[in-house]
């Protein structure tokens, strides 16, 4: 097999989401370079070994693993603590969906109690609520006047600062949310409805103004003089 | 001759630029009658083809007509006593639009270029030591994420298990009593919250009628809620 | 900086699914090797350059791109056809002209409001904006201080990644209005029509009926005889 395929094989393994079987690699190469391309599963196997030798020689931080009937790239275990640190940081960094949801509900419905929050979310929210309190994104503003006098939760100035809002009233209004998040069909439909209304109105006005000087119908019969030079295709 | 695909034009400015280019017109001295005529001809063409003419195009047609009329009238003067060209705003808009349109072409090339790069798959395979101090931190979360989460929370709102014996024969009186009870708990109740507890349609309808009855009788009041499509039902003292 | 970190840096970039900023690399290294570890952003940058030199020398199929404020491994364009053949991810659609136009305006004028955007484009942009928000290419950054306090839109890191930019300042400079004004050729317009014709080949079938109609009717004429009456001083 031509060794130029080493690089192609490397690219295919690198970009594959799942362990890629040698047969898939061969399929791709034959599809693009012709069915007569000479390449066997053994060739692929040899390429992978050669790539791994090169990684070793060059001190690369990764290697190709042979698992589940296929090949995948992975970083070497030597650096696993760095990689682990980073992925932990990443989970930390993304406000988890649960926390985000909780925060959103408090932002819009504040002040509200934990039972109210939980009735909307449908799950126990002790943990997320505590995290948000710890992060100073929400705080306790007092007690509700209802039975049991549960604590009331509100968002903090830290929350406003983070989202670049001056006051809590600056949060997108339900109407604006609707406008932004409308599903596509609905949006198109609305656009259409609005426009057909405008169309009629504007048209009537236009017609009136222009009828005398512009004779549309006769002008639609197009002239031919300058057309040739403009031809596209 | 030109075969114009109607979808090619992103808007009225795009169409005007097309006319200007095609006929090699001076953008600073646009023959306004001519271009108005062309523009309107195009709109009528759309009509003839039974295609929807967007409102933005109609608006531009009206603007062009207005400029055309102004061209015939004595020129207005600015503070320095110089004549104001009625076309000035249009020219400015055309140039600005063209500027970004050019950049969008540039960006289209960048897009094509980047599509040739492929990022790594199967990242999960990398060995990593897990560190267990999970905590939540805000980064790269925007208002948009927040409102998306809010909308999702409302959509996913679970149907709460109702701890009451199901009665199929619901009466308005019963539901009026029920609403009163609910209001007396907290002073008010959200309409959605109230409805979400109803499993069957008849109960919802009857409750709704009960609610209207109570509003009419002045025993409860309704006010807007911060939540979309919801309102708050609260008790009135005279009730 | 100790060059042993080349390998750690390589591992961190290799294991990251989004462009990893140099600051994150430094954070990870200092967290694990002590806060006194001597490593600067410049060191990281140099390591990346060295790694790329090595990939080039060794004929590796990938390289490290410097985009979206960070570093990420990607296959070289040479093998894109092979990778594209196997990958479904890469068959995703390109952005529409409307989306590109809208993005260009937001990118250069950010933060800006929807009315500002629409006044430049001359068309309603609800639908396009919604699509861009969903694709995470733009997001909401707060509210303008102007009347009605409309929402402000900005581009995201995903935008930078999508277009291969390291920072927003790497966007090509738009031409000055004066330059645009001098521009007399209209090749670009033709090119656009032809290009989009090619791109939309797939869609063409769907639109075939409409298309035929249009070709018959859309011969827009431009008469020269009208010119005289237009010369209004």
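Think of it as A, B and C in the order they're written, each chain with its own count starting at 1.
Simple rule for what comes next: a residue touches a chain if its C-beta (ideal position, glycine included) is under 8 Å from a C-beta of that chain, and two chains touch if they have at least 3 such contacts.
The shown structure was predicted, so the numbers you read here are calculated from the model rather than taken from an experiment.
Colleague: Measuring between mean CA coordinates, which chain is farthest from chain A?
Modeller: B
Colleague: Would you mind checking which chain's mean C-alpha position lies nearest the centre of all protein C-alpha atoms?
Modeller: The chain sitting closest to the overall C-alpha centre is A.
Colleague: Return the distance between the CA-based centres of chain A and chain B, expressed in whole Å.
Modeller: 19
Colleague: With chain centres defined as C-alpha means, what is the inter-centre distance between chain A and chain C in Å?
Modeller: 14
Colleague: Just the number, please: Cα centre separation of chain B and chain C in whole Å.
Modeller: Here chain B and chain C have centroids separated by 23 Å.
Colleague: Of all residues in chain C, which are in touch with two or more distinct other chains?
Modeller: In chain C, residues 14-16, 62, 73, 75-76, 83, 87, 124, 133, 140-142, 151, 193, 219-222 touch at least two other chains, as defined above.
Colleague: Do you know which chain B residues sit against two or more other chains?
Modeller: 1-3, 22, 37, 41, 45, 48, 54-55, 118-120, 126, 128, 140, 142-145
Colleague: Which bits of chain A are touching chain C when the two form their complex?
Modeller: So the residues of chain A in touch with chain C come to 6-8, 10-12, 14-17, 20, 24, 27-29, 31-32, 54, 58-62, 73, 75-76, 78-79, 81-83, 85-87, 89, 163-166, 170, 172, 176, 179-182, 184, 187-188, 191, 219, 222-223, 225-227, 232.
Colleague: Using the touch definition from the top, list the residues of chain A that touch chain B in their complex.
Modeller: Touch residues, chain A against chain B: 11, 14-19, 65, 72-77, 80-81, 83-88, 91-97, 99-101, 103-105, 107-109, 119-122, 128, 131-132, 134-135, 137, 144-147, 162-165, 171-172, 174-175, 177-178, 180-181, 192, 194-196, 198-199, 202-203, 205-206, 209-210, 214, 216, 219-220, 222, 224, 227-228, 230-233.
Colleague: Which of the residues in chain B end up touching chain C in this complex?
Modeller: Residue list for chain B touching chain C: 1-6, 8, 10-14, 17-19, 21-24, 27-28, 31-34, 37-38, 41-42, 45, 48-49, 51, 54-56, 60, 71-72, 93, 95-108, 110-120, 123, 126, 128, 140, 142-145.
Colleague: Where on chain B is chain A touching in the complex?
Modeller: 1-3, 22, 37, 40-41, 44-45, 48, 52-55, 58-59, 61-62, 65, 118-122, 125-131, 133-154, 156-158, 160, 185-187, 193, 226-229
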